[in-house]
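Common to both upcoming complexes is chain A, partnered first by chain B, then by chain C.
Moving on to the complex of A and B:
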């Protein structure tokens, strides 16, 4: 190794970042009754408990559904916003950027409370899931916007002109030229959106309907009264799920992205 | 095949007139160059012909029908861009197929046309390559093929050789010119490189400040520039002063350091006027001191292989730039005579 100090430093940073996750994963295979590390004997019993826990299963289904829906919506809106921002915004560019990124800049709890007021003011309240979806879209939108605008910055407007001169209308140019060329940014943004939505707590906590629960909320709820390794099993599964989404998307969609 | 007619075409950006009422008629199959420095309005003109830039005023007609309100995608033009603008996610064949798909050309015909055009640009074996696997010159030819395969009414080229190295640029000039002749397509070529415009075009349109300064055959532009700006833009030029002694029937007698010369006059010479005359460096020649001509001393000599450039300070105080073949064995400091053939003088106008 050429630079031992740097190498050791990097390893320490990784250890600092990853050790808690490893501890959780390790603790989830605990055979004992309490969330401890190192585990007291290996067992999958807490996974079995989890899969038989209807409350958790319902929460995970809600989370997945919510993440999927808000990812689709926020990918569409975020991509359109990014196209406007990069190609047409002109003098308003800076203003639009700040507006689009504001959900990131403002404390999440503030966004959540404002939205809560808003949904009650307009009368839909939290009886429906609309407020919750809007909240998730809002919080995931900046990630799509950032990723797509980054890949749009390297989109050469003469490609669009060339396609026009060859006879392609607006929609064809978007579908055949722009979309394939900004695909890495769109997919990256969508992945971010999915993961963020799956993970978000405050917004969900404020805007969820009564009796409804997402996985992070259910986990929080569970830990207030229980301290079993089941919590670690839930965490481990959600880590696996998140990683799974990333890997599968890379395999299915990512590999087809033409690198240039 | 298409004739293009441009009438009082104008483009206003804010308070500046990028293109200021130009009129131009391009014959069917003609190769025309818009030549001028950057910001002269040549690219804006091209973009208006293509339909990428809305027209502020004036008309553009293809075979008599006004296309000003026809969107670019419906104008049926082939366009080649300075940076080629090949679609990076498509192979060469897919790039070429794109325009044919838009025209709903049947598959077998499409394949046949792509193969034929690729052959024409000498890229027969490259159909399955991606643009980033090609050299600059090859990408250029693919861009040309993509524009031609749709058999457009007009071919527009926007500084297509600007990103190539010098040697390739010269090859491509000839290549594009020959190809254009074979296809016989009406072509508008935008460039700031006068040599490019000269070699390729049937007619050159020199533009300054959004207006046409002069248009005509390359030889006319070069040998008979109407203004000082045109003379200087299309090549190196010596400017000397002379006194008009008489004007008669389109010819002016002008007394210069080379003696009295007869120069064709376009109605600008007046007796006793001090006139500016243009002399191309390659029209001049050197001879031993004492010979008839303008006496002077060589102040600098630049050897460039096929030619030698001399700077000669005349005893009258003017400095001339003389370009000769390398067999002239003069060196710095030599006293020489600069000789000019009688038809080398061209009257530009009254001296400033």
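Moving on to the complex of A and C:
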């Protein structure tokens, strides 16, 4: 090993990065009534409690549904914008890039608050889920844009020219030439948008309707008053879901997801 | 123009319409709205009253409680950023240059916290840092301390958790920047007699500066607007500005006052970023990493 000090230092940092996550997973198998680590014996009882807890199950359904809807919308909008950005933007390229990344660059708290005021000002309020979906689309849009434009940069437009000279129409060329070639970017962007939406907190916290809850919010509310390992079981399931998506996409589908 | 390259979409700008409409209606207009809102008068029974005033800002600047809280939030943000840089730089260097077989795994380890929700990560820290938490219990069992160390419900706990939450955002841009530096520059410097430290200071550090700047700004801005971590770790005792703003809006519905607070936090944050950029002679360009 060449630089032992550096290697040990890095291992310590990795341990620091993993510690709180491992602790949560470990705590979820605790047999005791209170959150202690190391666990007082192993048990799956908190998973049983959690699966029978309608409040958490409803929150999971809401989160999955919300993530699915906003992912579909932001994938369509983001892909269209990425095509324009890479192929047609010309001098406006940098401007469009900054605009598309702006939801990521602006503080989420401020975006959430201004969106909350706005939906009330125009009379929608939080009675419908429109505000919530819009917030999630805004936050996930940059991730779709980054991934799709990355795969479009390597798209050779002579393929498109060839198809065109052979008489293929606009829609056919998009469907048969461009879409198959940029598919990894689109799917990667969509998967990452889904994960981001599933974890978004502040936007959901401000824009959710009364009596509505996503999984992170339900967990947060629960943690403010309860200390049982049930929250750890919920968290572990959530971690497994997200990691599952990533592992399937990167190992099975062979996608490379661009996070920045 | 490159319009020809796109091979014949009649009106390519139509592709941008949905995105521009979305950003304009649901980002630009709400931001203008919140600025206007901060100049409105408080309402009785309604979120805001008629007419405009600068009272909200006068109240902010005359109340040392809020000034102190902004200062405290900026301090926690700066500390978090500095610690992320110190802790993260060697890791970024190792990821970019290290000759290890497990680079893929190490990269995955750096990214993994990003995939775990922020509520869960903060929750993990409450298990570790609490008075009856893992760290205190272990130290007590070993007989090193008698009473639990105050690790939670203070600025220390918030900073530890924030460093953890945002460390990947520091490591990744720096790693990308170092990867962009040609390794032969380093060996050239070494062969010309520069010590390893000099080569680092004169070659690696200046050339990786864009990554350092991007990482610092990202971490600083993110920690200023963090809500979940300070709220769960700080509890009711230590509040950062973002927590105060959100709680004030949810509990009291004072929109103009809440808007002014949120904007003051963002503006002071932006001023800090500008000063930082000026001091480090930053070239403004959205980094492509």
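The definition used in the following text is that the second predicted complex is superposed on the first by the 233 of 260 C-alpha atoms of A that agree within 3 Å, B and C clash if a C-alpha of one lies under 4 Å from a C-alpha of the other, contacts with A are read in each partner's own complex, and residues count from 1 in each chain.
Criterion: contacts are C-beta pairs under 8 Å (C-beta built on N, C-alpha and C of every residue); 3 or more make two chains touch, one makes a residue touch a chain.
Since the model is a prediction, treat every value here as computed from it, not as a measurement.
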item	value
Clash-or-fit label for the pair chain B, chain C on chain A	fit
Following superposition on chain A: angle at chain A, chain B versus chain C, Cα, nearest 10°	100
First (chain B), second (chain C), both or neither touched by A:81	second
Touched partner set for A:167, first chain B, second chain C, both or neither	first
Which partner reaches more residues of chain A (counting touched residues only), chain B or chain C	C
First (chain B), second (chain C), both or neither touched by A:201	second
Partner chain in contact with A:223 - chain B first, chain C second, else both or neither	second
A:156 touches, of chain B and chain C: first, second, both or neither?	first
Overlay on chain A, chain C to chain B nearest C-alpha distance, Å	6
Overlap of the chain B and chain C footprints on chain A, listed as residue numbers	161, 164, 260
Complex contacts: residues of chain A adjacent to chain B	156, 158-159, 161-169, 172, 176-177, 180-181, 258, 260
Touch list for chain A against partner chain C, complex	2-3, 6-7, 9-10, 13-14, 16-21, 23-24, 27, 35-38, 76-78, 80-81, 83-84, 87-90, 94, 96-103, 105-111, 113-118, 120-121, 134-135, 137-138, 141, 157, 160-161, 164, 170, 173, 195, 198-199, 201-202, 205-206, 215-216, 219-220, 223-224, 231-232, 235, 238-239, 242-243, 246, 259-260
Sites on chain C touched by chain A in the complex	1-3, 5-10, 12-13, 15-16, 18-20, 22-23, 26-27, 29-31, 33-34, 37, 47, 87-88, 90-91, 93-94, 98-100, 106, 109-121, 123-128, 132-134, 137, 161, 164, 167-168, 172-173, 176, 221, 224-225, 227-228, 231-232, 242, 245-246, 249-250, 255, 258-259, 262-263, 266, 269, 286, 289
Residues on chain B engaged by chain A in the complex (per definition of touch)	50-52, 71-79, 81-83, 85-89, 98-99, 102-103, 130-132, 146-147, 150, 156
